[in-house]
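Here the structure is laid out as structure tokens; the discussion comes afterwards.
A, B, C and D are the chain letters, set down in written order, and residue numbers restart from 1 in every chain.
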Amino acid sequence: MEKKKKLDAKEGQRLLHQMILIRRFEEKSAEEYTKSKIRGFLHLYVGEEAVAVGVIQALTEEDNVLSTYREHGHALARGVDPKAIMAEMYGKLEGCSKGRGGSMHLFDATKNFFGGNAIVSGHLPIAVGMALAAKKQKKNKVTCCFFGDGAAAEGEFHESMNLSALWQVPVLFVCENNLYAMGTAIRFTHSVQQLEKKGPAYGIESAAVDGMDLLAVMEAAEKAVKMIRETGKPYYLVCNTYRFRAHSMFDAELYREKSEVEEWKKKDPIPKFQDFLLKENLISAGQIAEIETAVEEEIRKAIAFGEDGTWEETGDLTRFVYSETQSI
Amino acid sequence: MSDLIKITYREAIKQAILESMQKDDRVFLMGEDVGNYGGAFAVSKGLLKEFGPDRIMDVPLSESGFTGAGIGAALAGMRPIVEVMTVNFSLLAMDQIFNNAATLLHMSGGQLNVPIVIRMGCGIGRQLAAQHSHSWEPFFAHVPGLIVLSAGTHEDARGMLLSALQSPDPVIIFEYTAMLNLEKEIPSDSGAVEITKAKVHREGKDISLITYGAGVYKCMEAAVSLAAEGIDAEVIDLRVLRPMDEETFLASVRKTHRALVVEEAWKSVSISSEVVSRIMEKAFFDLDAPVERLCGVEVPIPYPKHLEDASVPQVMDIVDKVKKMLRP
Amino acid sequence: MEKKKKLDAKEGQRLLHQMILIRRFEEKSAEEYTKSKIRGFLHLYVGEEAVAVGVIQALTEEDNVLSTYREHGHALARGVDPKAIMAEMYGKLEGCSKGRGGSMHLFDATKNFFGGNAIVSGHLPIAVGMALAAKKQKKNKVTCCFFGDGAAAEGEFHESMNLSALWQVPVLFVCENNLYAMGTAIRFTHSVQQLEKKGPAYGIESAAVDGMDLLAVMEAAEKAVKMIRETGKPYYLVCNTYRFRAHSMFDAELYREKSEVEEWKKKDPIPKFQDFLLKENLISAGQIAEIETAVEEEIRKAIAFGEDGTWEETGDLTRFVYSETQSI
Amino acid sequence: MSDLIKITYREAIKQAILESMQKDDRVFLMGEDVGNYGGAFAVSKGLLKEFGPDRIMDVPLSESGFTGAGIGAALAGMRPIVEVMTVNFSLLAMDQIFNNAATLLHMSGGQLNVPIVIRMGCGIGRQLAAQHSHSWEPFFAHVPGLIVLSAGTHEDARGMLLSALQSPDPVIIFEYTAMLNLEKEIPSDSGAVEITKAKVHREGKDISLITYGAGVYKCMEAAVSLAAEGIDAEVIDLRVLRPMDEETFLASVRKTHRALVVEEAWKSVSISSEVVSRIMEKAFFDLDAPVERLCGVEVPIPYPKHLEDASVPQVMDIVDKVKKMLRP
């Protein structure tokens, strides 16, 4: 409510731009995958844009962000250069991880963006540790950690929640509940499927929000971040969302009905937010078209950048297995 | 002799699961996405329909939990096949496998058998980058109490599982995801295989190529090239990484007087280290030259194809190495 | 209430006998430890007797019991021969694990007693698997799994609770909350210290009970087991208790005040139950003395049995690393 | 030269922790029972009082969680010393160590350093039976990205930690619990030590004894006995198990022309396999006889003293083996 009033045109347009950028970037990535320009596993974020954009806008540049292998959206929302991301997926030295990581391992230390983690739930303890460091260093720094519904079944979820609450560290756990872990529906992975109900078992302030609604996510995230900054304690936010596309490019989607996907597409966060902006006169149809054009151009540049990138020399294969300098 | 049929590596595994479940109703398959998704690599596609959810069990992301549950079910008289999607995630189940499955029989003074079969996808070759390209056969081969099998051929992909399910002791089977689509001919009636012995796939007199897993077809191919250049290589597939059948390769080395060990795993403290050591200990005086190794480069596997390829021995590397060894 | 009425003299005396047996057995074990007859880690159950006795009396012989390294009490309550337990701690071939396991690894398959597990929380998944097997085999068999407050912080607790609830298997989780994990007080290990509050996060029926009160434990356990048998679902019972002695024989007890221990000793479950029996005329002072004498004799015999036992031949060291027969 | 002081292995470690915490306030110690209990093996006794709970952190039983938190804290600029009480429990943290700590630098193209030090108790010798007597140095030594140290002497127990904390890369330090009470003399000013090189502890000309960890003092003792019989053994402590310093032992073998590798870990796929392989590859023509190995028997370690002793090489075994090798 209050939020909606606060949102000004410029900010609204910026957020819409981000969501559209993510959407188009993902669509383009899929295309590049079928052209074999991108290889390995490719997990797209289409449908879930409101979560990354809504949460990350609530953070400052000093805050840390960690994500999974489905992290293009988070990286883009965090401001990692789309060119560097595309080059990364092209496997080029100009990529944000020097081409070593690919789609699943985007890193950008300058943006406090810490991956890009492909072991499900493996980054939760790391997030707790980064938040612990911030506390020890007396830095005003929230660590925000995105993960999926599937991840919440892993033991590391339990350990991380407990540690963060015990130690009272400033971490925001964001569970992106898209109802599936690969092809396994949440009813086969969680005995209690309202995942926000896991929070109280650790005494962690928890909430669930409609992850298809950018404004709702923004409001929930801002509330969460505010509480974290005020109390130094963890917060657990479940964003209920849906991925419109397959789990990865290897997925035949045998496990869900097309009609279910269609039903969810009606809740697409982008038209919803667009309509809101239009209705509130925060944007014009022309401005939307401009955003689309600008995004198209950004993506064109990203592809070109990836294409033009350089392959790492094979002789450099073992660089950075260990550090090249002894003092850090 | 029976007819030959063309079959993919994937189909070979699937037939083995199918047959073993038909034969013995104590057998069931559990793992992430084995049911509704059809298996992360489509190995178990269709089996859920055939056997129902009690025997093809989708499990949550909980590697320690469901592997331990498999151990419990085995203790209680079932014959679980636990699929740990890939070896990359097996670290999360390592405690269950090493501290429980491998110790219970001995520690209980012979009272408790753990007839579990744990299958995992393994290896490099799909540009999946550092966290998804591991070859961790060496870890498992170090641990007494386990039987560790490596399915380097289509016959073994089909036959090892059938034999493993007859074992009273825990069996780990490594399957090579890069080979899933590969078609080969196997005897139409090929069934259970020996799981205590290595196998000479090609006889030769000039040098012994000792390998396993994804190295097997590579070495066979290299042997063909070498033959064209007048070098007659013997190719040995270790197959059983624990307890290792040394007789087969020692006999070979006693005949050829030279050996090259080829593996994709990192070089240090690996299967090849063990093979070389046993040759040192037991066939030293038969050697005309030091045994050499071609192994995985000691690096977290990078994403780009050229670097990935450079990370493990390729057919040409084997050919070149052998030529250098024989014609220095 | 109702329970107290039902308890007859014979049963009451049997249970008192068990508790006294455990107490004296543990005291004697400590003595033998200082004499170096017993070695390794020795974790005593003194103070917690009402938990093992109260829970296990609610089970049938067909049911499975799993415990930790602090399991003498559970083994004795389960009816494992005290002679075989003492011989085990003496490291003799006549021990219940043939001397291979020692104090931390008591096993007796004939009593469906499955350890004796020394990796904290490692047996929880196994218990779930045994319950899963019972379900698949359509056996009327509850699997009862004891573990500590410390164990509940491990990821395997989370995974096991979730799996059991998802699969609806007949398992009774008994958390022995003795307020310490080694020397770490529960306030340093759990953000929410009423451990029964963890159950609802999995939709598991949960309860907490005064673990110093045998009658209360009996009632709670009977209710739990009844529910499990009726519904086939898991149940989570927290028994709040206290260990009167050190964590193990290596513990200087720096982490708690003597006065705290003294306070808890006032709640000693044995005098409490004894007084109840006396008050209800279910036992006489003379009969109590008889139990003490009988227990003394049992323990004397156990020690003699341990002393007289045989050392396993060193040549048999590697027996049972793998099974000696191929069919089980 | 400085004075010698008598010191236990335990005290040596403790002094290193103390000194490093005094020197650098980014350093903190976290682990189970390191604080209030004083350390499972009394290593950190008194440090909580000295440094307070923010720098001596007791953690819940959550090996994956707190090790991962250590990695996160290291990423964020701290210098955590994570104590995994013993290697037996490290399997639960293996995913964090192998998939995160070991890969992040390379996978991020050199952006992310993980300056964590992980210490663990290791080895056999206290009759703790199968689940508590592991020697798992070989697992860690297999993994690129890690620096793996083995503190086989008192100087190293003290000095390695100090050096490890200067490393920009993750360091694992193995400490040997069976040696904790052992007193030895070290220079009173002994401090940081070299952590890239093996060390010749005793020069000799007849045979090279190559070992590490608990094997070091055993081999030194054996060398003394052998000297009495006129055999002059050189003793080499590998110290750095990864990346392994082969130059030192190759030089030795080139001089003595014979070698015996001694380790307590299970024989197959071990550190000794790697050492033998490198000698095969690089010093084959310098050998007068095959290199031999004395290793742990491949069995889950049993509880009774005589069987435990029989499970690993003892001083007399080394002496006998050398005599057999030199005077067949």
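Definition applied: a residue touches a chain if its C-beta (ideal position, glycine included) is under 8 Å from a C-beta of that chain, and two chains touch if they have at least 3 such contacts.
All values derive from a computational prediction rather than experimental measurement.
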* Asked: In terms of residue-numbered contact pairs, which of A-D, C-D or A-B coincides with B-C for over half of them?
  -> A-D
* Taking mean CA positions as centres, which chain lies farthest from chain D? -> A
* To do: Report the inter-chain centroid distance for chain A and chain C in whole angstrom, where each centroid is the mean of the CA atoms.
  => 46
* Structure fact -> In whole angstrom, the CA-centroid distance of chain C from chain D equals 36
* Asked: Counting in whole Å, what is the centre-to-centre distance of chain A and chain D, each centre being its mean C-alpha position?
  -> 41
* Hey, how far is the Cα centre of chain B from the one of chain D, in Å? -> 30
* Structure fact -> Among all residues of chain B, those touching at least two other chains are 59-60, 62, 64-65, 88-89, 92, 95, 99, 106-107, 129-131, 144-145, 298-300, 302
* **Overlap residues in chain A, where contacts from two or more other chains coincide** => 99-101, 105, 117, 119, 122, 153-156, 159, 162, 166, 188-190, 321
* Flag every residue of chain C that touches chain B in the complex, lowest number first. => 64, 95-101, 105, 107-109, 114-115, 117, 119, 122-134, 136-137, 143, 155-156, 159-160, 162-163, 166, 319-328
* Touching residues (chain side chain A, partner chain B) in the complex -> 39-41, 91-92, 99-102, 104-105, 117-122, 150-151, 153-155, 181-185, 188-190, 250-252, 254-255, 311-312, 314, 317-318, 321
* Please give the residue numbers of chain A that touch chain C in the complex, ascending. => 153-159, 161-162, 165-166, 188-192, 197-198, 200-204
* To do: Spell out the residues on chain B that touch chain A in their complex, using ranges where they run on.
  => 32-33, 35-38, 40-42, 45, 58-65, 88-89, 92, 126-132, 297-300, 302-307, 310-311
* Structure fact -> Note: in the complex, chain D contacts chain B through residues 64, 88-89, 91-92, 94-95, 98-99, 102-103, 106-107, 129-131, 138-139, 141-145, 242, 244, 265-266, 268-274, 276-277, 279-282, 284-285, 287, 289-293, 298-300, 302
